[in-house]
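One chain, chain A, appears in both complexes that follow, with chain B as partner in the first and chain C in the second.
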Partner chain A sequence: MKYYDKLIFELSKEGRQGFSLPQNSWNHHLEELPDMLKREKKAALPEVSELDVVRHYTNLSNMNFGVDTGFYPLGSCTMKYNPKINEEIAALPGFRNLHPLQPASTVQGVLQLYDELDRALSAITGMSKFTLNPFAGAHGELTGLMIMRQYHMQRGDWKRTKVIVPDSAHGTNPASAAVCGLEVVEVKSTPQGTIDVDDLRPLLDDTIAGIMMTNPNTLGLFETRILEIAEMVHACGGLLYYDGANMNPLLGVVRPGDMGFDILHLNLHKTFSTPHGGGGPGAGPVGVAAHLAEYLPNPKVIRQADGTYTVTGNETAAGRISGFMGNFGVLMRAYAYILRLGRQNVRMAGPLATLNANYIKEELKDCYKLPIDTCCKHEFVFDGLADQSTGITTLDVAKRLLDYGFHAPTIYFPLLFHQAIMIEPTETESKETLDGFISIMRHIAQEAIEHPEELRTAPHLTPVRRLDETTAAKQPVLCYADLARS
Partner chain B sequence: MSFAYFPHTDEDIRQMLDRIGVKTLDDLYADVPAEVRYTKEFELPDSMSEIELRQKFEELDRKNKQLTVFCGAGAYDHYAPAVIPALTARSEYLTAYTPYQAEISQGTLRYIFEYQSMITELTGMDCTNASMYDGPTAAAEAMLMAMAATKKKTRVLLADTLLPQVKEVVKTYAKYHGVEIGYIAHKDGNTDVEALKQELATGDVAGALIPSLNRFGIIEDLSGMADALHAVKALLMVYADPSALAVIKTPGAWNADIACGDAQTLGLPLQFGGPYVGYLACRKDLVRKLPGRIVGATHDVDGKRAFVLTLQAREQHIRREKANSNICSNQSLMALYITIYLSLMGPEGMRQVNELAYGGAHYLHDELIATGLFEDVFDRPFLKEFVVKSKIPADKLQQALLDGGFLAALETEEGYVSFCVTEKRTREEIDRMLSIIKRLKP
Partner chain C sequence: MKTIEGLYYSESHEWVKTEGDMAIIGITDYAQHAMGDIVYVDMPEVDDEVNAEEEFGAVESVKAASDLISPVSGTVVEVNEALEDESGLLNQDPYENWIIKVQMSQPDELDKLMNATDYAAFCENQ
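Then we have the complex of A and B:
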């Protein structure tokens, strides 16, 4: 990785151009528009050549780290390998040129893909029917909660305005609940890291719309009392929502539908191998049990008796949550991945992810503090270094890892521990890669004792070093015009 | 067992299980109740090789019909330079996560900063975030912002001239969030400022969302809207096509508080509706109500210029249920697409794109009227999309065009038919479509 300092605006020179458009032979021109509807000053966009653009964005990319660069043990993010064939398929020109409002008769191949992916995800999760429209995990959560509310409202059960969320949940859970107009009731974790069933019991009454659970939870621990929890929540008239952020270790082993969940979302950009793209686009399909299928948002793809497909909507649906039908390009990639896995290999994904996580945990638990020493699933959480006398923090360890060519784990989450280091290796990493990571983590633990200053000032070898985040927040410079002024 | 995405040999697995102290992979799930373990065969196809996978998708591809697109309605067939896929396919961008580790994410952070700069420039607003999912959800988030920014208000107004999917999505978010939605009628295809004022009289309105380029293709005159709203401490939110903003009056110039819309028009492929990218921009004093990620400039300990995610105290991972939005993943890679697009196009390319679309759309419009089979509905300036009344029943017209390989004449809620022309459409294509239309009888 190499530092490169330019912004595209700084390469601009008036009169240069990087585009190629046909000659204009039309008789009507923009100058016909009334002045009051026209833009007054031309937009200050860069004026650069095509090669300027190519070099600039190639140079910028050299300051980035991706899964293709190296090991990315980012907890809760499931940074598995993104297969190249998926990219080739998503780029097929035939699919790129399809307009979302084309009549169903002209997009039968697309609609067949929606239907087959729905069926495949249903088979994998034990749900009855999916919407593929949500754009991301948080969007899936919101959609799922809308379905939950719609179910209660359609039954005339207006009192149910609260949703139970564990204290270990991802931040999106309570935020999605609030956007959906639900009041969040927090349920505590036991010292063993799972939901405290005794704390849950008194919360369950006729104002509860449901519970949001991540299983395994954000500590990577399986909620072993799930069947009991499901029974309790259903008995009080609530529904169970499954946050699929941590579905990867269960892939091919456990189906959320069989655990009693009524609604779930999946993160196709986690469990189903689609690339994270620097923060998106993802996809967050939502699956439901049969009795909730009518509440899935519009529009929906239906397979008709004659084997053809159509796009429909219904009145009792939880409205519409997307302009069209989701991130189709992402859906194509995920379906390609599922077909590569097939029914044979799908069984191995979860167990190998779990194997990798437990292996790292066992190899490092003498150097790093393991607050809950038990078999984990796809990820686990250390609470900083075992020897905390050096004052070296989790942040220091994370930054030092960058010097050794690894991405840092997720840090300071979950909030249950002050020095959380959350490690998720995924199943696509080899034993050799894990051994390399383990040896560097052990080395860093040693450095914390012998050369703590090296860690406090890390990273040293990255294109930039630690940033002044305080100034960034206190005097925000959020665009080039701000920068030019400052 | 051997599969290209799993590197484990049987020996690896054995050694790792030994280290963990269990005998089988199954033992790693000993804590999972037996009754929820799935032991049956999955109802999935057999594993496909790459060869079979290609055949499968080629077969799906053959079941779709390629059409020449003469419609918009929220998804526009604009030209995408060859440079874009070549650069966005770089795995350093594609396979990176959200840039939380700034020291090894300066590529992503820089292009987001450039994206923010371009969006603020096009919209004439002060600041924007790192992207939203799509236009309609960006509009819904604008509504949430307006509710958060104006205390104790209960209602948000939507212009009738917004795209139907924008109204539907905002209405859905509003229903569950507990916001009442009102509608503003239009007069001759332009949102009626008098109708707006009437709605504002009740004093409970947090803001109004009005398009600058509406579902009839009309460039709206938003005169008086901001004043009327600001007089009752409500916000003007403008839904705008950022491609058009290179030539038409910006939300900033209309004195809007928030601008939002879909940036698919900036070189993103149609791809059956996604991935696209929404944008959301605002005045500086609303920045702390802005959802999602925001990148800011700073420097590192050596004084090198650098970029970082900033103002994170707004976001769900910090504020949890007190956050204004739940957004986490956005459409970052699509923001890179449009940043590269706008870098290549520059101000002159953006002008030419709009000139070509304007010229082509007006040619088609005049030729359609000249057939005597269509009548104008509104006498208002339009850019690239327009509606007309058709004497041929809309379904018959659309089917005849489909048979000829054209997607056009989509029907609006009022029964008008809409057409759209971008810089990709040629005179030859337009004339060929016209020749089909001329053969039709009312």
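Then we have the complex of A and C:
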């Protein structure tokens, strides 16, 4: 890969241009513009030719790594392939050219899509009603907790200020609870990696608003005592919140609603194949059981008796969490994904994701330390190399993987293990790709013994070599002016 | 991994050195090693109240951010301002570079902590 780090402004040559605009026939009206609306200086735009622009962005894009360029086993992120048909659907002019302030009567098809996606997600998760408005997973968590709080407050139950979060949870769970003004209480995990029910029991009283869980949890393990946990939490008057980050292995097979969850969010950019991370904005729809539907945030899409759709709000809703109706382009991609697979094929995603994860785990567990040796779901966690006498760390392994053209797995998370390597292959990878990854991981384990220095200084073949993360964190260079000064 | 005789140790890897009713608190060698290069220390302010087994700040490394859990209850009388600019001191010598000094309100809380031998054994099992 060729190194390229130019800014478009550095290519700029005064007077060079790649366009030719017609003469401005409104120039003589400039006098009529109020001074406050006029520029004092010319806009500082780069002056470049069309070819400069094309080469610049093509070179930059060549340095990008995404699911479209290679295997991306980033645990907890579900980096599955984003089918191109999703993009075609989302680019249909009838949807693309909408304005969010159009009257509802002129966007009936859009509202129908919103309503049908709500119904599809409800059917898949066992919930009664969804809001599609939240813009991301953590935004969905906050929305869900606002609904939880609103439910208790509407009943006049003001004592419930605590939310229980397992010690293995994603960091966003306690963060969302804190932002929502709730106090976080931690529940421990057993040595087998699931919630310690005996540690949970004494925490449950009339100050508990609810519990937040991922199932399967962060270690990729199914919480087998979920029905018992749901009964205990409900008995104390609390609600169960399902963090949908790990929904992928259950997709179409098991429904959180049937496990006893009252509120959940889904990450459409994980489970439902919409672009993820730098690839595009997210979407975190929130679904609730029937008795909580009135607390879903405004605005809401309602299907009326005559089959038309309207956008409304109600007073008991847990406020408003978005300007309009979510990241609609993302919702369309998820809708396309669900319809394209259909009821039968949606059911295959979870089992195949689970099979792929277990295949990698079993093929590598003699070279990498597997702290919890059991059947996992969509992902699993190694605790570094099996042979740690070489001093080679998880970071070294991850950096070396880049030399072989793979994206590194999630490392040093979850915090339960000091050398955590979290691998999630997803269902969209072929056996050949998995075998390629496995053989390179085995090769790296061998290198750790025979050529440890190669690993300590890796990566060697990437445009940028090993970065000094400590200095980057302490003295960050965040803008061009800082770089020019240094 | 280094431990020092005469200090008290907590399960969340803080150490306490006592001078009368004053507790000097830092993180252990095990903790700094597990964290990796520490890039930021979030400390309380003088006169803040801290409670045993509750967080009083956080350390952030290139790997993760971890809460600092106070082994004792009391009032903060001094914070180690040198760490604001040079958090790496905690990696260089975690026992020399303390984080806060606390005027203890319940010195008997020290009884719940481990001595150096027990703490070393505790870390072995981590």
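Quick note on the criterion: the second predicted complex is superposed on the first by the 444 of 486 C-alpha atoms of A that agree within 3 Å, B and C clash if a C-alpha of one lies under 4 Å from a C-alpha of the other, contacts with A are read in each partner's own complex, and residues count from 1 in each chain.
In the analysis below, contacts are C-beta pairs under 8 Å (C-beta built on N, C-alpha and C of every residue); 3 or more make two chains touch, one makes a residue touch a chain.
Worth saying up front: this structure is predicted, and the values here are computed from it rather than measured.
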| Who does A:I147 touch here: chain B (first), chain C (second), both, or neither? | neither
| request: Identify the partner contact of A:H418: answer first if only chain B is touched, second if only chain C is, both if each is, neither if none is. | output: second
| task | Report for A:L204: first if it touches chain B alone, second if chain C alone, otherwise both or neither. | result | neither
| Taking the superposition as given, does A:V311 touch the first partner, chain B, the second, chain C, both, or neither? | neither
| In the superposition, chain B vs chain C on chain A residues touched | B
| request: Figure out whether A:I444 sits in contact with chain B (first) or chain C (second), or with both, or with neither. | output: neither
| request: Quick one: classify A:V288 as touching chain B (first), chain C (second), both or neither. | output: neither
| request: Pick one for A:P100: touches chain B only (first), chain C only (second), both, or neither. | output: first
| query | Taking the two structures together, which residues of chain A meet both chain B and chain C? | reply | 413, 469, 473
| remark: chain A residues touching chain C in their complex are 412-413, 415, 418, 469-470, 473-474
| In their shared complex, at which residues does chain C touch chain A? | 34, 37, 39-40, 60, 62-64, 66, 87-88
